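What follows is chain A paired twice: with chain B in the first complex and chain C in the second.
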Partner chain A sequence: MIDKATPSPTAIGRVVATELKPATPHQFHFWTATETTVGIGAIVKVQGAGSTEQGAARVVYGVVTDGFAYSDLATPLHDVVGAEGDPARAADAPTARQEIRYWTAAVLRQTPEEPLQPVPLGQVFLADDADVAQALRMDAFLYSATPTAIPIGLYTSAGREAPVYLDADFLIGPEAAHLNISGVSGLATKTSAVEFLLASIFAHFPPHKGRVAAVCFNVKGPDLCFLDQPGNLSDEDRRRYDRLVVPAQPFERVKLYAPLKADGVNLNTLRTHPDLVGDVEPLTWGLQEVVDYAEVLLNRDDIDAKADAFIDFLRDRVLGRTFDDGFGGTHRVQSFADLDRLFRSIFDGLEITAGGRSDTWRTHHIATMRKVRNRLLNISTRCKGLVTDDGPASDLPWTEFEDRTVYVIDIANVDPLGQDLVFARVVSKLREQLERRELGVDAVVVFVDELNKYAPGDGPDTYVKKMLLDISERGRYLGLVLFGAEQFRSQVHRRVVGNAGTQVFGRMDMDELATPGYQVLTPATKSKLATLPIGELMVRHPHFTQPIFVRFPKPPVLRGRDGVERFPPAADVPFDDAVVRQLVRLDRRIRPNQVKDLIADREQDDVRRALAATRRTRPDDPLAYFRKVLGSRVAAEVPPAAPREHRAVQPLNPISDEPY
Partner chain B sequence: MTWRQALIDAGAVPVAFVPNPAAARGSKEDTEPADRAAFVEGAELEAHPVPDRGGARIPPAVSFLAGFARWGVVACDGIIQVVDAYVAAAVRRRDGRGVLHTRFERNRAFAVAPLERMTPGLRHVLEASVSDIEPIDGGLAGQPARYLDTVESTVRRVRAGLERELAEQCIATLGAEEWLVLDGLLSRSPTVARHPRALGVINSHGTQFLEGRGLERALTLPAGHRTSVFAVRGGHTRTEVYSWYLRLWPWEGNDLLYGLLRVEARPDPASVALASELSGWLVAERAPLATPATRWDRLLYPLHNVEEYLKARAPRDLSTARHRLPVAS
Partner chain C sequence: MRLAHLADLHLGFRQFDRQTPKGTNQREADIAEVFRRAVDDLLEQQPDLIVIAGDIFHSVRPTNAAILFFFRELHRLRTGLPASPIVAIAGEHDTPRSTETGTILRLYEALGVDLAIEEPRRIVYPKLDCGVLAVPHQALAQAERPALRPESGGPTLNVLVSHGVHGGLGEERGTMEYGGAQLSRELLAPEKWNYIALGHYHTAQSVATNAWYSGSLEYLPPNPWGQLQDEAAQRGTRGGRKGKLERTGKGYLLVDVKSARVSFRPITPVRRHLDLPPVQAAGLNAKELDAQIAERVSAAKIDDQIVRLLVWDVDRTVARDLDHAAIREYKARALNFHLDLRRPESQRGAGSVAGAGVRRQTLTETVRDFLGRRPLDAELNRESFVKLGVDYLESVAREESP
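Then we have the complex of A and B:
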């Protein structure tokens, strides 16, 4: 992977130090010829002229952080005088003034490490592959007995090209974990970078670290809907893939989940082209799942002990049980409709039976009950299609996650409240399953775009934000790794970005670069960040003592925009055709007319229930099963017998002021 | 160990005296013997306008030669002052992009001492530790100020010799269209003085070749004008060259010598014919300014560049006098 050092390199510069600008153990200055390939971000090597006590010459690696050019012009006025006030004449001067290209470099590494001394005033060379590995301290995890190197791109400054690797122990855990990527939108950097990095992780994740999968939330457009389709790669991209030893192919195993639309049969995704829609699994949840994550639906003002107590009461005493409401009614709450009937019965009971003399029912105030009712029933309306009345029709395979598989959850067209619910439940389930070691993989990378929205630095402490903080601070011990992306890093909660061991930056907005978080960068580095081309990133990683610029190839998958052009989404099909399509997915021998005859003149709710039951059961003969359950009222899924396991979200530690 | 340290270790008294460079430079041409000028372009000296920058024809390839000298008293054997000196000269050629590249370079580091007046022990140490000693008349050792003037003359003579050798070396290899511009007298070397594409540019005017009305016209020459060409004999070789004055910048408001150059070319009618064209070229060389040199008004930037090049490569230990107390900046 790493080319050996080329023999007899040519010096391209020389370290110079003055009293005003001395060489220090962390920084040095050097000059080069006016015509040079050196630029901001170039990695250079300084070869000390002398030798240490151990006998080896001191070698210092540095990265160029600033550059200066000036001539022997004492004052700009002299140029004006020389040109007699005419700028056009200034270029006519027969002699070019003496110029200098003067560079400032930050030290990446010194060998030997001790004693740490100022950089020797020696010759400067461009770094080759081996030098880059040394400079970035990649040798420790690249050449060890159990390598943990994950390629992130190519260092391409100064006309050189060398692979740059991240340490899996610091990217996936357990030493450090998480990755945060920032950049302005529209330059195909953040999503593309994550797609490439996932491909790289899948290709290079060390066997001794087990199995790995990725869960990606598609929150806008068709961004992640075509990860299994090949994209157009240039020869240069393919060459870079070869250089990084990453297969230039789309992901082999992609499972895409999308909720249904309000009609309960058409998928709410842009991947509905007839050739591809068969690979999309419906994602539908029932009352049980919603109640378990009811906290997500409550805003800050809603969260109080009374609401918590009532929700707990519903979970423990009501859901899935035969329940007497105290006003003569008996309920068995298994769906939102059942729950609504219970609430109506209680409210009627309090107003009519009790004559309006009491405001409480079983110690719960009527206002609290109304608030919880509104929140719970509201979600079934706003997210109809994701939340159904029929129990867990379709869900992720929580115990059967597969190695090197991307699970895409398309919630781009879901109500924001529903997005929060999906995110909270999926991440919570992942955490639960990883804690129990029952997920099927040892590590999961969760890719969340738009962190500005989900974990803002200011604003209320929502459940989703607390969950992201929890992953950031504790996920690495479980193998739950957050790859977060946002446009403005400064506006994301500082502990979310601060806990990311690896920081990646695409092209940045100058206003963003003016915020305090970027004060450690030189003006030149900021200027480069503000003009980064597509496909180039600045990377900070625990092993790198300075930010490094890398170039990554275009992802080997079909971009979302290209995907919808090549595979235009199909229009919503009529109810009966949608039912046919879903049944045919289960058994290609089923003829449409059979299904249409079967569901003619039947209530759509009954058909939906039968379809959900068939999807859930996946019988050997789907049509026969569908016919059977359609013949009578289809009962919602009966939960396990009491005592029901409490599957609520585990409490999160409150947000504290501890430093990350 | 340096020879200076060896001398001090042997009993010499350490001293530190470096002459004022500006004062030394001003006397560069002062002692050159000269005859009165003989007019070769017209019967009397007149002012001729030269082409402006837009009309100037600048040769595609030009080499510039300049020299540099630095000396200082470093030790005393009684009242005998022992001098450490360094002289250098270089030719830098201008390429098509206007960038200067060094073609030839010579330097000489030597000691200056009246050996016959030194004590035997220190003389032995000096002769043993220094391979290059320039002898000097010890008769003036008892008059330190005049002695130092002699040292100055000696160093200047060595520098002139170095520049002459380098000029002759350069002339021998000059390209077909290439010119050589020297900082100083062209007449030091007959070989160089006869070359059709060699110019001497003199910016110190210690020697006057004109008198009366001609001198007045020369010293009050308007900017962008030259005088008529006249013939002079200069240098120790008494070589004849053609010469004229050229004003680069207006002198009004400054002084008579402000922006005034004297140009030397080969003694040939062609020089007279080319005087205006060559003057236009030199006027075009006003830019870039040779700042921060104090003589920038009459110093061509390429010659300034050669001087800076030589200064950058000179030994550092003679650059400033070593004061006993730190000097506030």
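Then we have the complex of A and C:
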């Protein structure tokens, strides 16, 4: 909250301008006392003398971008001679040389804004809360009738502390959108910043803009697996939360989705501790879901229009329909097994029926078909657990997204191909549902880490990259907002980074800072960026004319590494125990032996299907429902091998006439 | 191993008011005759196993003639193919609403037919190395269904015989009967069976590569004309390729169980269903329309056939002035001649009030009018009945309005 009751300010410096270093409308210089709290990133206010035509004196706000210190020493040699070459004696000099602290500041804002004039040679003050709001043009969205301010952190330079807000219209859309965060890995700054910002968005997203949710892809380790568990916060962190009016508590509504392991019952996530695994929903897809995004599988190393055409043919003419293969076989393809059967039938047909004379089937070349077959069937093997051969898909609630809910999709342990598929399908479905206004929320923030991997500046044009570009360029109109994170901003596709309205920087590598993208920053700012502590960021936002350094509190959730220590993942259990565990989670009265008896001799696929149906339905009596879906057993009977009794039955002719 | 798959015999079904020289309903005799022809073909084909996937009779209490006829034909089959087991299940038409009614199907156990009437049965034929899970309608309609899966460690070949509605089959043309148990791909699991023989849908149709409805042996309700259109559509999509599965008309399926290769055995019908090319009557006067109808009729051999002629956009006055003597003659020639006159869109749904300038009824008025005329059981109060119907309609309208 902005504190407007600040004490009357004391000047800390004065603007100076020389012919060599004049004050301009965009930059000015000022000096301060040697002992000063001013540093790089400090926001200052210049109070002009006199008055403008409108009556008030010109006020200029600036941010310190560079600093200098020098004395009246003509050359370094004079000092050496004065100390007779002994550095120890230099300190014993009878008189101290006159020193100056001289600062360069970039103009953030001038009032009045017109006419734009050089900065007046006035007194310099440290900015207080209200000044910071003015300087960063936050007053427009902070004090309007429908405020759209989202706290991002605290400006804490020069011994002052003031909240800094982003404009939701420029963070979530529709004016601008998207956020990009870069920084070296291993400091947990990027993930923490996004977690805090999501908490802040959920707390401050303006009601008039509707409902908002977040979808986070957990692509490494347990990073995002414990967003609903409280983390350890220091008193200082709590004070910062109070200052920013964001509740210091974990996310109230988190839904975690993870694919199953190859066994089809154990979840492929690190959140498998018995106390927590109950909240994890399995994510499994069938053939239809995969074929709709088959391009993802094909464009990894070969973009092939012929293969695309064949997949289109499968999608439009084959899947879910009765289909004649032209060799006497009729197929109805609804699973990978059916698809394999169709392919075999076609290949056999070409080999046997056509005598190997033809290598095309319905204008599709056999090599193209073999390639598509390999790719499609390959994924059902490589991503077994995510992609099921048959059975109902377990999916995100595409029409029932809930307000202020985080949907975490844990694909950390999924094959890279499967990760691409999950990513492509989830984002496509989000876009599709948002276009129809049928998602259940008005805006979705999609958090994607490792943009260096998914949207690299060079390399092939993958489906995922195209999709990220599409979100970046069109998402803001739909309410689909990309929060992307990466280690090297310079190596992410320029349009993905460039379309992000808000740019956030954590600690940066000097090599990265030497790339052309950072030329606008002064050497001092770069130096500060290279040494930023954990919890401090540099922010660029459309309302801010210069980057601003802010501190944010530690996120109110349990960090992935801490989560794994506090809730160690459970070891995989045998199939029947895993089924028992999942049913007991639904109803603690269920006895393991009841379940084990029920599933003994049953095929695992059937048990999985029954389990998925029970989990999805959440009936009052889970065991009864599970038993019902599983179906009762029918005992086998063998009719007597002896001559059948019918031989003894006489024909009816002697006693009855032909009835018709 | 070859399996013959029949279903939906509907013996005893009666239609139209024509009788045979013996005094039985002509359609009932027709339906019996096609089954006799199917039995003739079965005796020729000599399958190793015969399955009848439900709806053997059209009603729980079939006519005596139907009962006797089925007995005679089964006896013929058992005598001709003594080594081929026959498995039959009860469909919803064979299943009594109350257990005290009992079922006539038990009679055929005397002939050694393996029947599943209420409970599912898993019958193993060691000589064929084949197990048949026979699941009647009743077993699927109850709350706790059997698991439709082969026996683990059982015979090499596994066949499922069942009766019910699969997915949205028949919705397009109204060719699926109501009242069937719901079946789904997950429930049937075709990949686990060598073959699945289904009954209930009256057009031969696959729901998976190895899961088929054999269809009925005759064109039966609901909407036999829709069944003809289904067949035409199937022919259209199959495109006349070499080696295609010919499925013109009605018949049964002969299946090589091991390879799940299915061939259709057409049964010559006793008489044809002729759906004459429709007439567009907009702008025609009665004489012109008479001429068009006569032209359609003369182009087809309608004698003793079941015929429909659909005429679109026939004004009420034109319909009244048609040559009804000629129409009576067509009706006398055909077993059944259905001149289906459809009014123009503007006159449809106007209920009992019609004519130029008359206000179209609202849906509520139409429903009230219909319920007011509908035959009711004597103990029902018509006023309350109509009020209840209108209340339902209005509550739905309220729920759907934004």
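As a convention for this text, the second predicted complex is superposed on the first by the 597 of 660 C-alpha atoms of A that agree within 3 Å, B and C clash if a C-alpha of one lies under 4 Å from a C-alpha of the other, contacts with A are read in each partner's own complex, and residues count from 1 in each chain.
In this text, a residue touches a chain if its C-beta (ideal position, glycine included) is under 8 Å from a C-beta of that chain, and two chains touch if they have at least 3 such contacts.
This is a predicted model, so every value here is computed, not measured.
In the superposition on chain A, A:114 makes contact with neither chain B nor chain C. Looking at the shared chain after the overlay, A:93 reaches chain B, while chain C stays out of its contact range. Look at A:83: by the touch rule set out above, it reaches chain B but stays clear of chain C. When the two structures are aligned on the shared chain, A:72 is found in touch with chain B, with no touch to chain C. In the superposed model, A:458 lies in contact with neither chain B nor chain C.
When both complexes are overlaid on chain A, the residue A:620 reaches neither chain B nor chain C. Once the two complexes are overlaid on the shared chain, A:19 sits clear of chain B and of chain C alike. Shared interface residues of chain A, touching chain B in one complex and chain C in the other, do not exist. On chain A, the positions that touch chain B within their shared complex are 72-75, 78-79, 81-84, 89-90, 92-98. Contacts from chain B toward chain A in the complex involve residues 53, 58, 62, 94, 97-100, 284-289, 291-292, 301-302, 305, 308. Put simply, chain C touches chain A in their complex at residues 20, 22, 24, 28-29, 32-33, 64-66, 68-69, 71-72, 75, 78-79, 82, 85, 110-112, 114, 120-127, 131, 133, 143-149, 151-152, 154, 185-186, 189, 191-192, 205-209, 211, 234, 237-239, 241, 243-245, 261-262.
Those residues of chain A that touch chain C in the complex are listed here as 322, 324, 326-332, 334-335, 337-338, 341, 353, 390-392, 601-603, 605-606, 609, 627-628, 630-639, 641, 644-647, 649, 651-653, 656, 658-660.
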